[in-house]
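There are two complexes below, and they share subunit A, which is joined by subunit B in the first and by subunit C in the second.
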Partner chain A sequence: MIEVTNVWKRFAAPVLRDVTLRVPGGCLYGLIGPGAAGKSVLLKCLAGLLRPERGTVQIFGETIGALDEVALQAVRNRIGMLFQNNALFDHLTVAENIAFPLRRRGLTDEAEIAARVADRLRAVSLPGFEERLPGGLSGGQKKRVGVARATVTRADVVLYDEPAAGLDPVTSQKIFDLLRREQQEAGATVVMVSSDIDRLLTVTDRVGMMLDGALIFEGTTAEAQGSLHPVVKQFVHGEVDGPL
Partner chain B sequence: MSADADSMDRPRGPIEVAARQVLADAKDLQGVLMRTAYWTANGRREPGEVMRQCFEVGYRSAFFLSVTMGFIGMILVFQSGLQLLRVVPDLTLLGATFLELLVRDLGPTIAAMMLATRVGAGIAAEIGSMVVTEQVDALRMCGVDPVDHLVVPRFIASMIMTVVLVVVSGLVSFAAGGATAWFVFDVQPLTYINFSLLDRGDLITGLLKCLAYGAAIPVVSGWCGLTTRGGSEGVGSATTSAVVNSSLAVIMLDLLISGVGFVVFV
Partner chain C sequence: MATEDEGLPAQTGRAVLSLATDVGGVAVLAARLLRRMAPPRLDGPELWRNLHRMGVRSLPIVGVTALFTGGIMVIQAGVLIRRFGAEGLLGWGAGFATLREVGPILIALMFSGRVGANNTAELATMTVTEQIDALETLAIDPLAYLILPRVLAMITMLFVLTIYGDVLALMGAAFMGEALLGVSTATFWNGLLESIRVWDMATGLIKSALFGVVIALSSSHFGLSVSGGAPGVGRAVNASVVASATGIFICDYLATYVLQ
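This part shows the complex of A and B:
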């Protein structure tokens, strides 16, 4: 479903170095690593928001780097994304934010749009929040609205960038459980970046670990938890002593 | 390590970094320009969005521009009158000369420079803050080209309202100049209001400048906003760049259109 092959990306300095990974269809894939490891950049490369300088990113059999902006839009229509700081549109209400991707994809039946918005708000436990503006929501509520918007189009691939950043432990676990439930119900392929390792590993099927722009580990969640690689071991178990 | 890895890891010198940046900027600006043209012809507009932008660009700038152009009219007529009196003691063509200059060059260009500071800065700040909060990326993920959604309504509004604003503020400037001519040099209004030097070439050149400036300001400012990097510091930097680059674009277009106008109409 998602294939990344020898991808390089640099801004002032290289941020992705020769990254190769494969995410099978229907898999919930966790991308872990310390700060500035290149996780969010890789996620944006998967969405076609950034183009790698070398290597290829393939989704649905399409090579992202070879597509122009119009062709890329057709691929993006099959991808949902939750951004690290939610990226809700300030001037739109909660309902308008969730309905936005539906309207822009050409859905004009207002009754159907309203029904799908209500369904998403129920799924994220925010019924009755339709007319609220993002500015009046808490961090956890914004995150849930972001999840509702990312999943409203029933996309084949959903990308989550730090879905639990800045949330308390209980809300974090609820968010992770919600995302797992959503993924299982929709059968979508999910790539999730999170620093909340303990909770992330309760929901993932496979895990990749990045360090300094390179993918240093790739395997099942159980393999990550049992890894003897000193960096992976230290990071996954949150040990203070080690190479990091 | 492979040759690919070597070339990607190699630190870049300041000249290489600057050259790459200039090339990337030129490519980005060209991309924004092409996509603006494409979506203006093919895009779907939200109902009322262009009207809202016309209000933002036009109504909110009208007072500022009229006052500025009024003062400029007074200053120019006063200074021109003083200089003319040194050479020939005849001010009968003062109004006609000023009107030709106003229509052909000063009206559109000075008004556009003022618009670049007010409208250009606003466009860059609004789009730039959407970039740093990832709202522009979210637009792209929702199936929207940010140029279509954010730049094109401002582009259409700016093209329309620049013409309107130049006409209105030009009239204010001419009237203020007339009052100065009357009170300072005793040039009667009927002598001052003289269209004899104004020809078709002046009108076409002036109109072309209005349209070109009206197009350039939102495109250049939108490009500055869309290429914002970093946080609030980046938004500040993008806003400054929008004013500088829009003003530069106005001056360059002024030279270009004046040159072409001179060749075609003289």
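This part shows the complex of A and C:
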């Protein structure tokens, strides 16, 4: 479903180094790794926002870098994305932010739009926040509005960058459970980056770990938890002593 | 980043490079926007929203500036007019200066400070907070949805505001002429209408359209090419205002030369 092959990307220094990764359809894939490992950059390459210098990214069998604008838009219509810093449109209300992807996909029935927005806000425990502006929300509230916007279209592929950052443990677990439940209901393919490893691993099917731009581990959740790779072991179990 | 112990050649080279990058960036932006004009791929509601907030909300400041400028021109010219008894020429002088030069350039500079700077700040904020990226992931072309309406609205509105400002500046001049020099408004308008050719007005308006293009493209370019978070937004606004003003004067120079 998602295939990343030998991808290289550099800014001032190399950020992705020969990343090869395969996410099967219907899989919830957890991407972990220390700060600045290149996780967000990899997600942006998946969404076609960044172009790798070398290597290919394929989604739905289409090579993202080779598509013309119209074909790329068609692919993007089937992808949802949550940005690490949410990227809410700050001139639009919470309701309009969440409705935005629906309107772009041609939904015009205002009653249905309002119902789906209200449903999303309930799902992220923010009922009644429709008319607020993003500027007046707390960090965690913004994050949850971002989650609501990313999930409103029930896209076939959803990319989440830190869906639970800045949330308290209870809300955080609720969000992970919600995203897992909806992913399973829709049969969606999901890539989820999170630093909250313990909770992330309660919902993942497969896990990849990045370090300094390279994918150093790839396997099922159980394999990740049982890995003897010193770096993976230290990172997954949050140990202080070790190579990191 | 320029450091202090860098030699002059290195600094000059860096400045030339960054200038070339920005000029090239503006040209590329212009080409990409032109491609979206034929056939027009434009968000109608966004265009209206921008026409309103860029144009209507600029009316007070442009009006006040224009009225006072007209008045000031008469005060400055007053001494000469009195000495040579050239009251009949007041309308011609004010009209010629305002329509061909002072009106377009002053209003463009005001517009750049108010609307251009605001445009850069908004686009730069949207860029650093990844809102532009978010638009792209929602299968929206930011140039067609966000930039083209702003560029067209700015060009249109500067043109309209220049006509409005010209009129107010001349009214200010006529008023001051009467109050200060005792030149009746009838004499003023007669002097103006008899001597000013349509071409004089057209020159000013052609210039204002050029200035609109300069402000729209440079303010959008600096907004979109921002880097470095919130401090970057401030730098982008600064660079955009400086570039717009420079561009306006260069264009004015060239246009005055060509359109004589």
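We adopt the following convention: the second predicted complex is superposed on the first by the 244 of 244 C-alpha atoms of A that agree within 3 Å, B and C clash if a C-alpha of one lies under 4 Å from a C-alpha of the other, contacts with A are read in each partner's own complex, and residues count from 1 in each chain.
Assume a residue touches a chain if its C-beta (ideal position, glycine included) is under 8 Å from a C-beta of that chain, and two chains touch if they have at least 3 such contacts.
Values in this document were obtained by computation on a predicted structure and should not be read as measured data.
Asker: Quick check on the superposition: with subunit A as the shared anchor, is it clash or fit for subunit B versus subunit C?
Answerer: Subunit B/subunit C on subunit A - steric clash.
Asker: Output check: A:100 vs subunit B and subunit C. Expected answer is one of first, second, both, neither. What do you get?
Answerer: Both subunit B and subunit C are touched by A:100.
Asker: Touch check for A:53: first (subunit B), second (subunit C), both, or neither?
Answerer: After superposition on chain A, A:53 lies in contact with subunit B alone.
Asker: Give one of first, second, both or neither to describe whether A:73 is in contact with subunit B, with subunit C, with both, or with none.
Answerer: Touch partners of A:73: subunit B and subunit C.
Asker: Looking at A:81 after the superposition, I want to know if it touches subunit B, subunit C, both of them or none. Which is it: first, second, both, neither?
Answerer: both
Asker: Is it subunit B or subunit C that touches the larger share of residues in subunit A?
Answerer: In the superposed model, B touches more residues of subunit A.
Asker: Considering only the touch criterion stated at the top, classify A:195 as touching first (subunit B), second (subunit C), both, or neither.
Answerer: After superposition on chain A, A:195 lies in contact with neither partner.
Asker: Mind working out whether A:10 is in touch with subunit B, subunit C, both or neither, as first, second, both or neither?
Answerer: Touch partner of A:10: subunit B, not subunit C.
Asker: Check the residue A:18 against both partner chains and state whether it touches subunit B (first), subunit C (second), both, or neither.
Answerer: first
Asker: Subunit A residues touched by both subunit B and subunit C?
Answerer: Shared contact residues on subunit A: 44, 47, 49, 69, 73, 76-77, 79-81, 83, 85, 87-90, 100-101, 104.
Asker: In their complex, what parts of subunit A are in touch with subunit C?
Answerer: Its residues touching subunit C are 44, 47-49, 69, 73-74, 76-77, 79-81, 83, 85, 87-90, 100-101, 104.
Asker: Which residues, counting only subunit C, touch subunit A once they are in their complex?
Answerer: Result: residues 125, 129-131, 133-134, 136-141 of subunit C touch subunit A.
Asker: Residue numbers of subunit A touching subunit B in their complex, please.
Answerer: 6, 8, 10, 12-14, 17-18, 44, 47, 49, 53-54, 69, 73, 76-77, 79-81, 83-85, 87-90, 100-101, 104-105, 149
Asker: Could you pull out which subunit B residues touch subunit A in their complex?
Answerer: For subunit B paired with subunit A, touching residues are 4-5, 8-9, 11, 17, 35, 133-135, 137-138, 140-145.
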